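Every chain is named by a letter (A, B and C) in the order it is written, and numbering of its residues begins at 1.
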């Protein structure tokens, strides 16, 4: 089958008990309590073909992890349909597990304080990985992720970066058809992130692994994914190519300027006229501060020059559009077309 | 099948790391058995026989219970760690592995100081053996009874532990309740009111694997009962445990962690 | 040189009360868990009860305690025991597991008071639960459960307070030991076993065989349960009461002091090694 994942009108709603503060409230809650409904995911629909590499982004609480959990069979949806590799995940969990690999970004690997090498051996037995496949995936992982120095060190003595690399290796040892990676690079330093991305790319090249990657880091996406799904408060805001997304939303630049003294109206006029023609937004709301949003990265140097020319600048920084800003903007604009 | 053996070996290897903990654990296990024995001692200085059982016969009962407890802890101990697995989110990881989640959990945390329990139990049985003077072939049946008892004890723990999915409290309180019930079977069931006797024989059948065989060994119960009842009870409990585990998992998958 | 201001006594008291309250509140939310712990103790207790009933059936006069005295003693002992159940050691061990202890050690209250506040919170919740249990016990045993006199009741309450401090002191020492030995729950269970045998949970000390009785008398455990229970039931002769209470007080403060000594020694060693 060519479809790896099919999701239709997926919904997940929880009933949560309202917590109340204070000693007497605690005592009262002994005998009665209110429940509130929380919708983590609503009306989600998308398809992922085999071999695709998809990034799932959104703020905390947007429903990314919940979606991944439903795709892997950990959670049962409260509405809609979900199918992974042709089976309903929560109904045929064990059968599906054989063909998927999952990395949970912040959760500890396996259950014991044993060296990674032993974990890998255990996984080989668990997934019944054929020797030749194992030899390749194991060697690849050890080499590319540079695991050799600490293969025999107990897990508790490893740094976060080392543990994540082992986790990634472990998830891909059995060359699964689909790899789910839930925030795999969170808390890692730049070098380690690079290696993680490389490993993903290589495994995909070799085995045609479908990749579903949840992350906060746009660079993860640009390095490994061609497609992007943006979630906000459980709803799908954007579903399309990464290039399209970047062209449309991530192209902008933001200038944050700290001024030595406030600029009065004539000066602001001069500045505005100097950069006429560019797509810009000036935000003077904070005293002794200026924020300029440029729609295009190319505008930034010219705007910077003008700012430095006309204003008494104490500090200036230019940075690319941040994911949160983009998503917030998306949310304000509403559901966007690819 | 082979995987579960590898799993158990791996779990053992990890546990074996903590040597001081092991020593303290063994001492503690022995201390716990001695505590139970101390109560025996107090009671037996005040009454010659309880429920028709002499002090040596009761020692045998005690030993068998200790063996069952020790064996269960050494192999199927993982259920006590379930609250932590849930809090850590490791249960999620388990659900993504192509394994029987219950067996995995059970095998994942052997309690090595259970060796202390088993030793105490073996010594008690050895001391009481001449007074009870059972037939020699009973020695071969002993491992069977111990295994059945361990399955029953673990099965009931799992049944009750399935509740953990809902509460996720900081401590395995409810499992201790089950543990205390096991302690109840250290004493001859004949001293308990009829309803408790029935409970401990058929519903929560610790008695099936401990009392009945011991009763047979001292010549007061039939061989048939001692041969049939323990495995039957073990199978029944295991089945009920599996059902409750599956139900609990379904609940977990509905509410998340 | 700037000196950090030590918190005033009022601040300490305030912090203490707040922490105790918070602990009680948290414990209340784990209602099912608490009820089940109670269920576990009740089960254990029923076993003791049933065994003793059998003893009296076989031998109507097994010793200096009559059947009805034994029954009421066991129920009162159970009640006292339920008051003293402390979760803070378990909590502490869990925090050790999770590596959070460093923060605890540096709190302004001081480690000992911090733990004591939590234990007090536990006590508050236990007291809340004790009321319905007492009612149930009364329903079963009847007026024998009432204190022998108003004075007995007062003395018993004082004694429970001291017993609480003793229990806390023991736990405090145990908690240090577990930290030093890097042990898991092993030591906790060791303490529980000692408690089970020597606290008077299972019988008043007079019913013990002589050697066991002698050993129990030199240990602090019987002052946690047996002493308050006997005071409540008026089983302590008047001339012995001051001695008994003094012993309790001595143990209580002695244990806490010992705990503090160990603590400062541990801290010093910790700092030297940069643990």
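Just so we're on the same page, contacts are C-beta pairs under 8 Å (C-beta built on N, C-alpha and C of every residue); 3 or more make two chains touch, one makes a residue touch a chain.
Just so you know, these numbers come straight off a predicted model, no measurement behind them.
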- Item | Pair joined by the larger number of C-beta contacts - A-B, B-C | B-C
- Min distance from chain CA centroid to global CA centroid: chain B
- Message: Distance between subunit A and subunit C based on Cα centroids, please, to the nearest Å.
- Response: 50
- Query: How many Å are there between the centre of subunit A and the centre of subunit B, using C-alpha atoms for each centre?
  - Reply: 46
- Query: How many angstrom lie between the CA centroids of subunit B and subunit C, rounded to a whole number?
  - Reply: 28
- Message: Under the stated contact criterion, what part of subunit C meets subunit B in this complex?
- Response: 30, 32-34, 36-37, 39-41, 43-44, 46-48, 50-55, 58-59, 62-63, 87, 90-91, 94, 181-184, 186-187, 189-190, 192-194, 196-197, 202-203, 207-209, 212
- Query: In the complex of these two chains, what residues of subunit A are touching subunit B?
  - Reply: 14, 66, 69, 72-76, 78, 90, 93-95, 97-98, 100, 102, 104, 107-108, 110-114, 118, 121-122, 125-128, 154
- Message: Under the stated contact criterion, what part of subunit B meets subunit A in this complex?
- Response: 2-3, 6-7, 10-11, 13-15, 17, 85, 88-90, 92-93, 95-100, 108-109, 250, 253-256
- In their shared complex, subunit C is touched by residues of subunit B numbered 18, 20-21, 24-25, 27-28, 31-32, 34-35, 38-39, 41-43, 45-51, 113, 163, 166-167, 169-171, 173-174, 176-177, 179-181, 183-184, 187, 191-193, 196
